[in-house]
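The following blocks contain the structures, represented as structure tokens.
Okay, so chain A shows up in both of these, paired with chain B first and chain C after.
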Partner chain A sequence: MTDALRNVSAIAKRELAFYFGSPIAYVAITVFLAICGVYLFVVYDFFNANQATIRPLIEQIPLFFILYIPAITMRLLSEEKRAGTIELLVTWPVTDTQIIVGKYLGALGILAVTLLMSLVFPLIVGSLGELDTGLVIGGYLGLFLVGAAYAAMGLLTSTWTQNQIIAFILAVLLCTFFYAIDTMIGSVWESARDAFAALSMKAHFANIARGVIDTRDLVFYATFIVVSLVCAVQSLQARNWK
Partner chain B sequence: MAKTSKLTGGLYVTAVITATVVIAVLVNIIAGRLFGRTDLTEANLNTLSQASRDAVAAFDELEVTLYISPDFPETIRDESGQPRVMRDVAQAFRDKIEEYRSYADGKMVVRVADGDIVEQAKTANLRAFSGEEATAKDGRLEFKQYVLGATFHYADAMEVFPLGLYPEHYEFEITRLLTRLRDKVDHAAEMQDLLTAGKNVHEAVGACDKALVDAAPKDDGAGANPFGLLTADAAEKRVGAYQTAALEIQKACDGVAPTLTAATALQGTHPSLDSLAYMATAFSQNYGQFQQALAATEAEQKQTALQFVENLHAIKAEVDSEAKNLEDSPGRKSIGFVCAGDAFCPFADDSPLVPPELAPVLGQKNPFAQQVVQQLGLMQDRINQVLGGVERNLFKRQGFEIAKVDLAKPVPTTVGGLVLFGPKTALTPHQLFQLDQYVLGGGSLVVFLNPWDAQLLNVTPKGAMSVTQLTKNTSNIGELLATWGITPTGALVAEKSDHDVVNVLSVVRQGQLAWQTQKQFPYPLLPVLHAMATESPLVRSIASLTLPWVEALTVTEAPGRTVTPLIESTKDAITVSDPQFPLEPTAQLARVAQTAGAGPFVVAATVTGELTSHFAGKEAPAEPAAEEDPESPDAAKKEPAVKPQRRDKGEGRVLVIGSNLGLEPLSQSTIFAGFDLAALTGGSFEIIDQFQQWRANLQNWEVRLSQIQHTLNDNIQFLFNALDWSIQQEALVEIRSKQYQRRPLEQLDEGQQSLVKVAAVAGAPILFILFGLLGIAWRRRRKRRLVATLTGGTRA
Partner chain C sequence: MIQVSNLTKTYGDLEALKGVSFEIQRGEIVGFLGPNGAGKSTTMKILTGFMPQTAGQVTVDGVDVNRDGLAVRRRIGYLPESTPLYPEMLVYDYLAYVATIRGIARGAIHNSIDRAAGLCGISNRAGHAIGTLSKGLKQRVGLAQALIHEPDILILDEPTSGLDPNQIVEIRNLVRELGRERTIILSTHNLPEVMATCTRMIIVHQGRVVADGTPAELQSREEERPRVRVVLRGAPEADAREALAALPGVDRVQNAMAAEDGALALELQAATGTDLRPLVYALAVERGWQLVELHRQVLDLEGIFRKLTQVV
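What follows is the complex of A and B.
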């Protein structure tokens, strides 16, 4: 393993250990699962719909993620800045890019565990009827990509401020903006709606949620994450400016 | 770490971020051009099926014109009231057309209409729709209109996709239109004489009508008047104009008679041409009367010419419609519903039970009769409303062309398949013979059986509710089916554990208050069936079906024919043929639990291949005496129709389903059983008792449907598959199935449902918390041990 990978891995493990060594991850994931359960079985009225599908839940989770992912990412760098541990961190032989990627992978770890735990819903539904597994796989892939894009934005806002609450609010605003950018801009600038649909998480997620894996959607999420992380790295480096 | 100046840092960051964004945009642009997609759904719901690819590849030069409004609102509410994001819908439409084009080997040209799209689309027979945007014009609100559809052109033929608001139906609709377009062009050559004759008649009538329009003065005020009424002067002026242009009019209208003679010579060869000729004859007769009126000497008589002109315009519109019908007819196949043997027949009957002119007379003889007649009229309206709704919403909206078939006459050639939907009473030998010969002639027959009259709760004529018994119906269709290897056993199938619920109307009393409510009870006679023949497209994509009151079948193979069981019950199922079998849910469950399972039972099957006639070696049953219409001008000169050749063997296909899906017959004859006009005139009070019985009959039909209505949704895909199969459109069966992918849940009672809800909402999070607490405890314990080890075990 190269030094860079070792550093990234060490930072990611440190983040995961922090989350799972304290009640934060457990509380967050528990609340998330409870909200999903309430939505599927109470709000959506699953038994009345009488269909063995979790698509309604999968379509709703990106909205839940708008609050959930920033709550996970808000402390990633802002807490380090507030406590001054960022200076301690940079005394290690690690680059800013390795810090950002390590922190980001830590957040993705939480996201992965969250999605893994939420598999309880397809399992329950699958036990009650014949579930389209292809649709579930596509849906979960889409959720991971949306969550990963939100996490990148959350990490970016976390580099901007020492205050976790401000980082959280900024991340929520950014996620909301990019989730429904076409609808928001389209409501005031009708003719630009289609152009902004290309930047909309919702539009790209819709395809994946119905079980279609399109390379255009994958490329969109990948480039979105890369751009966010590059911005985060640049933002972190700004502390060295005089 | 060395510090950078803000300016240098800012410039560096801007450059890096700009370069990253530019690269990201370029990568997305390239990815947009070079892309791949894969469909993960089990039934490839988002990918064109082979049938669709074949359908578009069958054309050597297909032209498609898209009509897509450029200014759709954000959302439009569809017919079910659900909002549809129009940008996504329009994009899905373009994508779907593009997908077809990619399989057309460069032989499909797509043109996008521009300019005044709505007007162009309307001319091409597309359906415009409106959103919520409206403008005030001349004191009225005028809603903005939009279009989303396409026309498909091949050779001289065209098919229209009038309105594409439902992306989930695109593939089915487009493939259906392409198949139809191909059929139309292929069959047009066979019908060339008929089409030419029809076209000539249509053009001649059009020329005559145009001459009348051209001759009429344009400034006589008829257009400005909302009723098109003319003043006396204007009417006189108009008659004068027709007289002046009489020669031109005659010259233009003289063309009608010879074309009509040519069309009449082909009478009986095609129903659409017959209808066109009938309307053109009416046009010709009216024209003759118009000429007579115009030539009259009395002014008053001359004025009647104007009325004939109005008639001629109205008849011309009908001729247009019939001509369009004929033009569309090549290759068109409708599904014939056999309306005999008290089968379900989805056609409204507008003929009144009591002729309106008799109603006042009846009132004079019997004071109650007039009220009864009024109520009967309302009941008839209700029946027609239900049947009209079924015809429109269940069949026509799904693209099925259905026709009523009377087995007293030979089945029309335009009928592609026959459906006999749950006959309750026996067919006549001649009707059975007609079905037999139709199948042996290569036709398809779909039979939904209805062996028992079963009703959980029955409304009595006095309005009370009573539990009734199973009563055997008297249908004899089984005799015919048995000849072909599918024998209805007459026994109903009940599933011990895998069954649906029945909705029962019950009365709840609380103190002085009482109200009616629907309750659900598990019901073994509504079996849920999962065992499908996966090799058959009819049921391949169906996870389960609930077939109410379904009859067990036995199947028998024979050389030359293939009998395929389609749907089977579980091994646990039992059969019921005892009229005393309880219909009350609790008693039924108890009885079923006591009986040992004897399944599996076949409940639906197909037979194809060489079939033998049920009447082989027997004399053909006598035809019913033809009902003559003495007023018909050509009744006397009608020659007997040419009898089709009798067959003792032939290739045919039959699908038998042991259930009528809960659709009991609804018609005047079943609801108003025993109706006799003479009884109304007799002055007897028995008519009131009879009326109460008829009213109860209609209520019972509705009660029966409400008891099992929820199962219809699950069965709808199978019904459509069966209808597609009947007109030999197996390719469409699979595509249609994609639209109706239903994955029903296992039936749980309310307690079980609550348990699942609690487990999902609270169980999973609690388990996760426990897992977390265990993790934390384990880490603390490890930490304590570590500390103990480091301190040499000095701490306890």
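What follows is the complex of A and C.
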């Protein structure tokens, strides 16, 4: 195993151990599933809709994620800065890129576990009627991509401050912005809506959630994540500015 | 081994370092001394590669800290000021994490932890969460962290600050023990600490090195112009002052605090290294004054430190 891989996996494992070694991850996932359940069975009124579909929930989760993912990522670097552990971390033989990637993979781990747990809803729906599995697979791929993009944004804002709350609020604002940029701009400037759809996570998510996997959407998410992470590395290196 | 030349660092308008230079040989235990804000931590942060200098150069065995930071960082064990640790982690897990990142092979990690924890006296705390430990024990965990990869250079930023006197003695003994086979730089504003552990001291003040040498060297440099305290009885002040000032080798005569009533206390500042005491004695005998006190005053390290770091 190379040094880089070893460092990245050690950092990612430490993050996962932090979340799952304390009640934080369990409480967060439980609350998230409860909110999904309330939405599906109470707000959407699944049993009276008389249709065995999970689609309304899948379309709603990106909105829940706007609060859920930043809550997970807010401490990733801000806490290291506040506690001063960043000073040890960066004076160990690891590169800033390894630190960012390791932290990011830790956050993706939580995202993956959360999505895995939420499979309980498609299972319930499937036990009641004919479930469109293609839609579920497409929907979950879309959710993972949206969650991963939010996590990259959350990690970036967490490098900017030593205050977790500020990191959280900035991440929520930026995620909201990039999720609904076309809707927001479209509401005041109708003709620009389609142009800004290219930048909107919601527009790119809609295609995948419908079960249409288009490389343009995948490239959009990949670009969004890579740009956010590169900015996070730059922000960590800002201490080197003379 | 460590060469620091003309280091400067500015934070915005603040000049934290104004051209710091020194050289450290293998095996030295160097006490980096200065009042708060003198530039000790800044120098250490640059040495460990946490942040770069504004100008100047730091090399370790010829390798530039800025050019090949990873290579230098591998050889250094660092304990930052205030000992930042992860409170939720168990001592063992934390040391295993550090060992992994330090590149210790998986099979050897357990032994490295045993060795470092044993050296720092925390073997029986391996299963405790770091957050539940006392300050002294946390300090030891921080030291074990710095030692886990057996570095040949240890940089400790105020390793004893905030500890109680017993813990301070324990950490000092540990540092001395470690210094047998390593180069150690430790910063402190505590003088007894330097005298107890260090083979050399570098005093920094307002971003500059104001003294550099062994404690004995610094002391003897100050003793080149010794002061002598004289207490006389039965001597008219004006007479005595005049006569003492006329002695060869006396630079100045000052009033000093008298320990008893009716006695005249004076302090003589020598112009050269000559011992003034025999001359003072002979004078007192000649004039028939009672010489009740004659004392050559040695400026101790504390005095030297205060003299060098007074804000002018």
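Here, the second predicted complex is superposed on the first by the 238 of 242 C-alpha atoms of A that agree within 3 Å, B and C clash if a C-alpha of one lies under 4 Å from a C-alpha of the other, contacts with A are read in each partner's own complex, and residues count from 1 in each chain.
Here is the rule we use: a residue touches a chain if its C-beta (ideal position, glycine included) is under 8 Å from a C-beta of that chain, and two chains touch if they have at least 3 such contacts.
No experiment lies behind these values; they were computed from the predicted model shown.
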Report for A:Gly21: first if it touches chain B alone, second if chain C alone, otherwise both or neither.
-> both
Examine A:Thr85 and indicate which partner it touches, taking first as chain B and second as chain C; both and neither are also allowed.
-> second
Regarding the shared-chain residue A:Gln234, is it in contact with chain B (first), chain C (second), both, or neither?
-> first
Of the partners chain B and chain C, which touch A:Phe47 in the superposed model: first, second, both, neither?
-> first
Is it chain B or chain C that touches the larger share of residues in chain A?
-> B
Mind working out whether A:Met184 is in touch with chain B, chain C, both or neither, as first, second, both or neither?
-> neither
Is A:Pro93 touching the first partner chain B, the second partner chain C, both, or neither of them?
-> second
Residues of chain A that lie at the interface with chain B and also at the interface with chain C = 21, 90, 240, 242
How about chain C: which of its residues touch chain A in the complex?
-> 45, 48-54, 70, 73-74, 76, 78, 80, 82, 84-86, 88-89, 93, 97-98, 100-103, 145
In their complex, what parts of chain B are in touch with chain A?
-> 1-6, 9-10, 13, 16-17, 20-21, 24, 27-28, 31-32, 34-43, 45-46, 71, 74, 87-88, 543, 741-746, 748, 753, 756-757, 759-762, 764-766, 768-769, 772-773, 775-776, 779
What residues of chain A sit close enough to touch chain B in their complex?
-> 20-21, 23, 25-26, 29-31, 33-34, 37-38, 40-42, 47, 50-53, 90, 117, 120-121, 124, 128-135, 137-138, 182-183, 186-187, 190, 193-194, 197-198, 203, 206, 210-216, 219-220, 223-224, 226-227, 230-231, 234-235, 237-238, 240-242
Would you pull the chain A residues touching chain C in the complex into a rising list?
-> 3, 6-7, 10-11, 14, 17-18, 21-22, 83-88, 90-95, 239-240, 242
